[in-house]
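Questions regarding the structure given below will be posed in turn.
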Amino acid sequence: MMKLSRFLQQSRNSFGNHIDGRDASRLHTLTFQARISTSQDFTANERIYAPYSVFKGKAALSVQPVPPTFTKLTSGHVKVERRGIMMLTFMPAMGERKYDHEKRQHFALSATEVGSLISLGPKDSSEFFHDPSMLSSNAGQVRKSLSIKPQADGGGYFVSLSVVNNILRTNERFNVPLTAGEFAVLKTACSFALPHIMGWDRLTAKLPREKVGSPSKANRQEPNLEWAK
Amino acid sequence: MMKLSRFLQQSRNSFGNHIDGRDASRLHTLTFQARISTSQDFTANERIYAPYSVFKGKAALSVQPVPPTFTKLTSGHVKVERRGIMMLTFMPAMGERKYDHEKRQHFALSATEVGSLISLGPKDSSEFFHDPSMLSSNAGQVRKSLSIKPQADGGGYFVSLSVVNNILRTNERFNVPLTAGEFAVLKTACSFALPHIMGWDRLTAKLPREKVGSPSKANRQEPNLEWAK
Amino acid sequence: MMKLSRFLQQSRNSFGNHIDGRDASRLHTLTFQARISTSQDFTANERIYAPYSVFKGKAALSVQPVPPTFTKLTSGHVKVERRGIMMLTFMPAMGERKYDHEKRQHFALSATEVGSLISLGPKDSSEFFHDPSMLSSNAGQVRKSLSIKPQADGGGYFVSLSVVNNILRTNERFNVPLTAGEFAVLKTACSFALPHIMGWDRLTAKLPREKVGSPSKANRQEPNLEWAK
Amino acid sequence: MMKLSRFLQQSRNSFGNHIDGRDASRLHTLTFQARISTSQDFTANERIYAPYSVFKGKAALSVQPVPPTFTKLTSGHVKVERRGIMMLTFMPAMGERKYDHEKRQHFALSATEVGSLISLGPKDSSEFFHDPSMLSSNAGQVRKSLSIKPQADGGGYFVSLSVVNNILRTNERFNVPLTAGEFAVLKTACSFALPHIMGWDRLTAKLPREKVGSPSKANRQEPNLEWAK
């Protein structure tokens, strides 16, 4: 019961449930979708495969950002419809250099969880809990936890995913050790991607499209250049 | 009297007053405006809603950048007309998961104040003072102060806004505790947004649009490749 | 024999071999190629010369990113065809301010190796091994190693490339001391370039292209603004 | 004599002379020029005013990046023609909130000097020397030096420019104290601008423009997805 409340708390803060539900139902493939939507339907569906993948002895880990979707309001304004996430995909090894794509598991990091990841100090650990069925009748039946722990030496990290499914009575665990260099890629790439999954890359300032009609007005503003800006 | 002079000093350095005046009069909604202007009027007015919001027990905080506006001079050149800012919006809680949008308060960070925020070390505090009526007859009547303080443990921060209005005889206070992950999102997203609110994202180098007419000239430059650049 | 296995291990993790093979066969010039490809052929081949170069007493070092190439799948989706890299080019000095372009040597850093470079602390060293002929009959015949070591004082670094070619019986070594400022440029520019060589710069969120047809649907979503995002 | 050789050495490493010559002759106004050039002439000349300015008691400092120019070679390739720089402009105060634009002095930071600036630790100082007439008959007659020193308390910095002109027999000095927040803006904005003044913002990976003609080829590549990338 305590554990469940912890899941609920976690999910309320991080919207983990909402995101996680997406893993199971919609993101069947290792992609990110640059979807374009209106309030009515998806009008474009362009998928780009550019995961950052590390292949280790027992499992592989692929990381790829999923941008947010926007919708146009009747006012003509635009708002985020679905938040972007950072999608982690784990696959178990099934032989040398072979990984079982059928047994892959997803874990979708929210913007705030990405913030936790990129602010990890060299001695810090972090753990995230998701319940993909939260707020449904299956709440608490599937528990996912992602753990990131520093290695004793070197500067690398252990990234582990545990998926406990009480309905299917399965208990899966994926362990992927990352070198310091691989973790630096993850942090740098996640820092780059964070404003994108938040939709802030739409912020770029626009230059005026039209010509000046009234020279005097423009000139009047010039003396204020230093102070009014 | 000392306090007022402090407000004035603060505002002179950070242009806080100018910005803050904007809060009250123009930014009624939780948006950022990708406005496009000429010297005469605003020709386009596209609003995009992509705030980063955290909802806590007593209050919610939303953060969103507002890009600068540019104007075209009669010389054909373009200059910043109004600086961009980082808009913080606080809303008090009015029940579980409900926040009172009518009682929201804004605080607009200038580029320099964003610089202070993103350079905060793990033990550092920062406080900003704005007087929305500065240089008007109501100067000193409304005092806003934003405080950012590290939590004793963990790595999170307390973000608080105090608004003292001597005209309405009101005194409002908003407290929003941020986790380390949430504060990392704020710092990373503000670092990303800073060059944008300064208008420096317009800097992108352009490639030549035209073909080469004179091969000899191009070739003559080649031997200097190493030293002339 | 131990050394060879070390090369193999290194290459398996970093795909160094694959990349290095590229140095020898395709990147004859100091360029980065913004190639555009389909599954069938390269349709565009635009080369931009914008290396960051430092010229020192015994050798010069030029650094330039090479973006990835993408290919369109029959499904209409797009995937990375060839990963991007950071190309390091060394040239020996052949007199005052003159460098021997004919004797240049390349070393292509993978995304993970770039991650190692940008995460180097002020006292850290790093060494990378590449075998350009790995998995061919000449495996182990040519060994390249790149070493990055902090200088005893100041804050600069020594960057050295060693190329041992058992077929040609040659043994070349390039030493380029970098000042703290030059190394800061390298780290900052590599951090900037990393998401680009991974192809993540394609992530930019797209806004809806179409107008809203059904006002009621859009309005229905508004109350959820705070929680559904 | 020793001092002069120091200037020469400095300039050889940082190309300060070339850049500085530009200050005097071409950048008369506080702008950055998004110039577009071919080998023959400049075809476009769009100036954008977006300086970051701080106005203090004795002097004002404005900072603005100047992007590089590119030229198209007869081979169809494109190379940097003139490197970008970070332009610092100082103006002396001539009364309250008034600054003498006529007496302004420029100092153009190269990419490597920007690297030095952004890598300054909290206790570090840095000094740059430029000789705008180097390699001309007036070499050594004008000496500019820019000094950046941490303040004893707080976390701010002193930025000073000294210009000694032996021809005009003038000796000017500008002192601008920066707060920690203002210096953070400078560092963050310079880090953002560095890849741009290097021309690396042209690196963005391009997606394939054409459709796939041969499904079998595309499919054949799929099994290699994990290892070939």
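Labels for the chains are A, B, C and D, by order of writing; each one numbers its residues from 1.
What we mean here is this: contacts are C-beta pairs under 8 Å (C-beta built on N, C-alpha and C of every residue); 3 or more make two chains touch, one makes a residue touch a chain.
For clarity, every value in this text was computed on a predicted model and none was experimentally measured.
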Inter-copy rotation, chain A to chain B, in degrees (Cα atoms; steps of 5)
90
Comparing which residue numbers chain A and chain C contribute to their contact, where sharing over half means same and under half means different, the two sides are different
Using mean Cα positions as chain centres, tell me which chain lies farthest from chain D.
A
Provide the C-alpha centroid distance between chain C and chain D, rounded to the nearest whole angstrom.
25
When centres are defined as mean Cα positions, the distance from chain B to chain C in whole Å is 35
Return the residues of chain A touching two or more other chains; collapse runs of consecutive numbers into ranges.
48-49, 68, 70, 78-80, 199, 202, 207, 225, 229
In the complex, chain D touches chain C at residues 13, 68, 70, 75-80, 111-119, 191, 194-195, 198-200, 202-215, 217-219, 221-222, 225, 228-229
Per the touch rule above, chain C residues touching chain D in the complex are 15, 18, 31-32, 34, 36-40, 43-44, 46-50, 52, 54, 65, 67-74, 78-84, 155, 179-186, 188-189, 192-193, 196, 199, 201-202
